[in-house]
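Following are the structures in question.
Each of the next two complexes has chain A plus one other chain: chain B in the first, chain C in the second.
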Partner chain A sequence: MSSLSKSVSTLPSRTKVLGLYHNMLRSSLKFDNYNFREYFLRKTRYEFRKNMELTEEDKIIAAYNDAVKQFTVLKRQATISEMYHFDKTVVEPQGKVSGAEKN
Partner chain B sequence: MFSRALSRYAFSMATRRAAIASPRIGMMASVKSYATLPEDQVSKRIIDVVKSFDKVNSTAPITSTTNFITDLGLDSLDTVEVLVAIEEEFDIEIEDKDADEIKTVGQAIDYIVKNPDAN
Partner chain C sequence: MLRNTVLRQNCRLSFKRLLSSSHKPWLAAPAAADKQPIVDLGASTSTANIVPPTGAAILKGGFAKDTTYGTRPIYLDMQATTPTDPRVLDKMLQFYTGLYGNPHSSTHAYGWETEKEVEKARKYVADVIGADPKEIVFTSGATESNNMAIKGVPRFYKSTKKHIITAQTEHKCVLNSARHLQDEGFDVTYLPVGEDGLIDLEQLEKAIRKDTCLVSIMGVNNEIGVIQPLEEIGRICKKNKVFFHTDCAQAYGKIPLDVNKLNIDMMSISSHKIYGPKGCGALYIRRRPRVRMDPIITGGGQERGLRSGTLAPPLVAGFGEAARLLIQEYDFDKNHIEYLANKLKTGLLSIEDTILNGSADHRFNGCVNISFAYIEGESLLMALNDIALSSGSACTSASLEPSYVLHALGADDALAHSSIRFGIGRFTTEEEIDYVINAIHKRVNFLRELSPLWEMKQEGIDLNSIEWSGH
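And then the complex of A and B:
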């Protein structure tokens, strides 16, 4: 986890990129607030998919480092959001929200 | 004399510590065995999670040998998403090094069955 929140100067490995994606999705799911949660999930999925086709080394490194920066913000905000209560919106199922339903 | 007293003291401390420690060990063991889920339930729940993933073609049968990438046509990012959905379902966190190893439905079932925190 700690190695994932550091920026890199060489090409990040496949495991590292997937690990970062994994952690970003997990942090996004921590948001109690439907709108924040869905926004961060959507944004994370979109950004990683968009950068999937990158082949130039410096662009991959830049994209990775950018994602690391966003991950630190995401992690902090997710933790902060856990300190507050949000009422469920009408579009949400009232029981436990499972990850599978949101895909 | 003094050393004898000391050793007796050490002995009594040891037994006392053992007496304190033993019920705790017993409790932990029972919690652990209680928390491990039966394999048939786990496999049913995992298959349901995988089926509900919208990029999975639901007509294809999903068994424990189903590979996320070669059989279900998912890519590496989708595989991570399926694992996150499984994490949510069982209320656990899969370590990155373990997540890397899970490539089939069967491996995911194994991981959950062996994980005492899964529920």
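And then the complex of A and C:
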């Protein structure tokens, strides 16, 4: 986990990229707020899928490092979101994380 | 008004009639409906302090709530304010934990570090509209920015110029600033708008006089979401050498804006409409050719002397981060909002006798304003207590006064009363939109069944032909 929150200077391996992807999805799922959770899940999936098409090495490194930066923010904010609880919205099933079903 | 009174009285009658008859198909559980405190409700409507029925108890028969789901309403009022993006909060927290220096303290490192962050934020805010960071002045919000521009510029040039032009559909803070100037002896022209909510450019050109100082027209309307032709207005203003101010609180970052291409001299911006913190905004003021103004707030001479007072670095940095994210997420957000808005529009306009308010082409997708004929907007809002909506701007939603914006469009009282604004944003999900479409379909039908006007319409009576008797 710790190696995943560090930026790289050489091409990251496939496992490393997938590891970061899963960690970001996991952090997104931790958001207590329904709208933020759904947004970050949608956004993370979109970004990684879009960046799958990158071929140039420096672009891949830049995208990876950018994602690492976003991951640290996401991790912090997911933790903060867990500290403040509000009622669930009318589209959210009680006591269940709706985003989890989609994984 | 008379029509409305009639509607309300008859509605109350038919409400009771409906509730007393349990054979109606939409009252799913007659036994449960009998248990509701119907009589209490009927009695309380005649007293002065009416307590809205919590959970719209009387409507439960029409649509039973699913208790396996949460209770918090869906937020669809993005024109009032937007939720603060967690990434913005992450930026702001630094300033509440470590970076507490005064950005104007130039003698020590605490001041320097916050100043650096403030200047970074200024650049991000300027980048969205293609401006120079030096042209951005931070304020407490778009209301202050509007006041500053509309009062400041004419006051500075008052020895030679005495006239300003604005539109009838502007935000209240623009209209009230203009009224204030009238008291000071200025002339104000309030341009009318067409049925589509857009101003007539020919009329604008005709309204410009020799002593016209300022034209103020908003970018995106906060109630109906129409986009005014800023480029053409900018061109007219430049040709006539008049300053052009635009209130872009709703437009900033949501539609492409370039102050140089559009010839904008001043632009009001708000932070909390772009997922930033509340209590912060900015005014873009062109430097070349220079726009001069009398500041409203004087003091230590911060912000080029135009807005004295210590800046709030947490808010400013949050605003800057929100602006940076706007550029970064522009396409992603735009496509998402467009997809949801189209879904919502087709879903709701498929109900008969609904009207989309404002121009269908020149509009920002995130704001959908629809009138549901034969229903009062307030009663629909009450029935829709699981969706956070507004019938117009937040400023007038407390009163029952119909929207002046819809009035300016030529809508009659009844239609202005029955309008609802749907605001879609970055964090709205498809699931929510599906829920809203379904809920509105059900409740519009339910409320219309209660409406004697709807009954008459179904019988083929033209409502305009009726002569309502007076009391």
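Here, the second predicted complex is superposed on the first by the 97 of 103 C-alpha atoms of A that agree within 3 Å, B and C clash if a C-alpha of one lies under 4 Å from a C-alpha of the other, contacts with A are read in each partner's own complex, and residues count from 1 in each chain.
The rule is short, and it goes like this: contacts are C-beta pairs under 8 Å (C-beta built on N, C-alpha and C of every residue); 3 or more make two chains touch, one makes a residue touch a chain.
Worth saying up front: this structure is predicted, and the values here are computed from it rather than measured.
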**OP:** Could you classify chain B and chain C on chain A, in the superposed arrangement, as clash or fit?
**Re:** fit
Original post:
At the Cα centre of chain A, what angle separates the centres of chain B and chain C, to the nearest 10 degrees?
Top reply: 140
Original post:
Should A:Val73 be classified as contacting the first partner (chain B), the second (chain C), both, or neither?
Top reply: second
Original post:
If you stack the two complexes on chain A, which partner ends up touching A:Glu53: first (chain B), second (chain C), both, or neither?
Top reply: neither
**OP:** Once the structures are superposed on A, label A:Val91 by its partner contacts, choosing first (chain B), second (chain C), both or neither.
**Re:** second
Original post:
Is the number of chain A residues in contact higher for chain B or for chain C?
Top reply: C
**OP:** Applying the touch criterion given at the start, work out whether A:Asn35 contacts chain B, chain C, both or neither, answering first, second, both or neither.
**Re:** second
**OP:** Could you tell me how near the closest CA atoms of chain B and chain C get once both structures are overlaid on the shared chain, in Å?
**Re:** 15
Subject >> Set of chain A residues, in rising order, touched by both chain B and chain C >> reply: 98
Original post:
Which positions of chain B touch chain A when the two form their complex?
Top reply: 48-49, 52-55, 75-77, 80-81, 83-89, 93-94, 96, 99-100
Subject >> Residues of chain C that touch chain A when the two form their complex >> reply: 67-75, 83, 86-87, 89-90, 329, 332, 336, 386-387, 426-429, 431-432, 435
**OP:** Provide the residue numbers of chain A that touch chain B in the complex, in ascending order.
**Re:** 1, 4, 14-15, 18-19, 21-23, 25-26, 29, 45, 48-49, 52, 98-101, 103
Subject >> Complex contacts: residues of chain A adjacent to chain C >> reply: 31, 33-36, 38-39, 42-43, 46, 70, 73-74, 76-77, 80-81, 86-94, 98
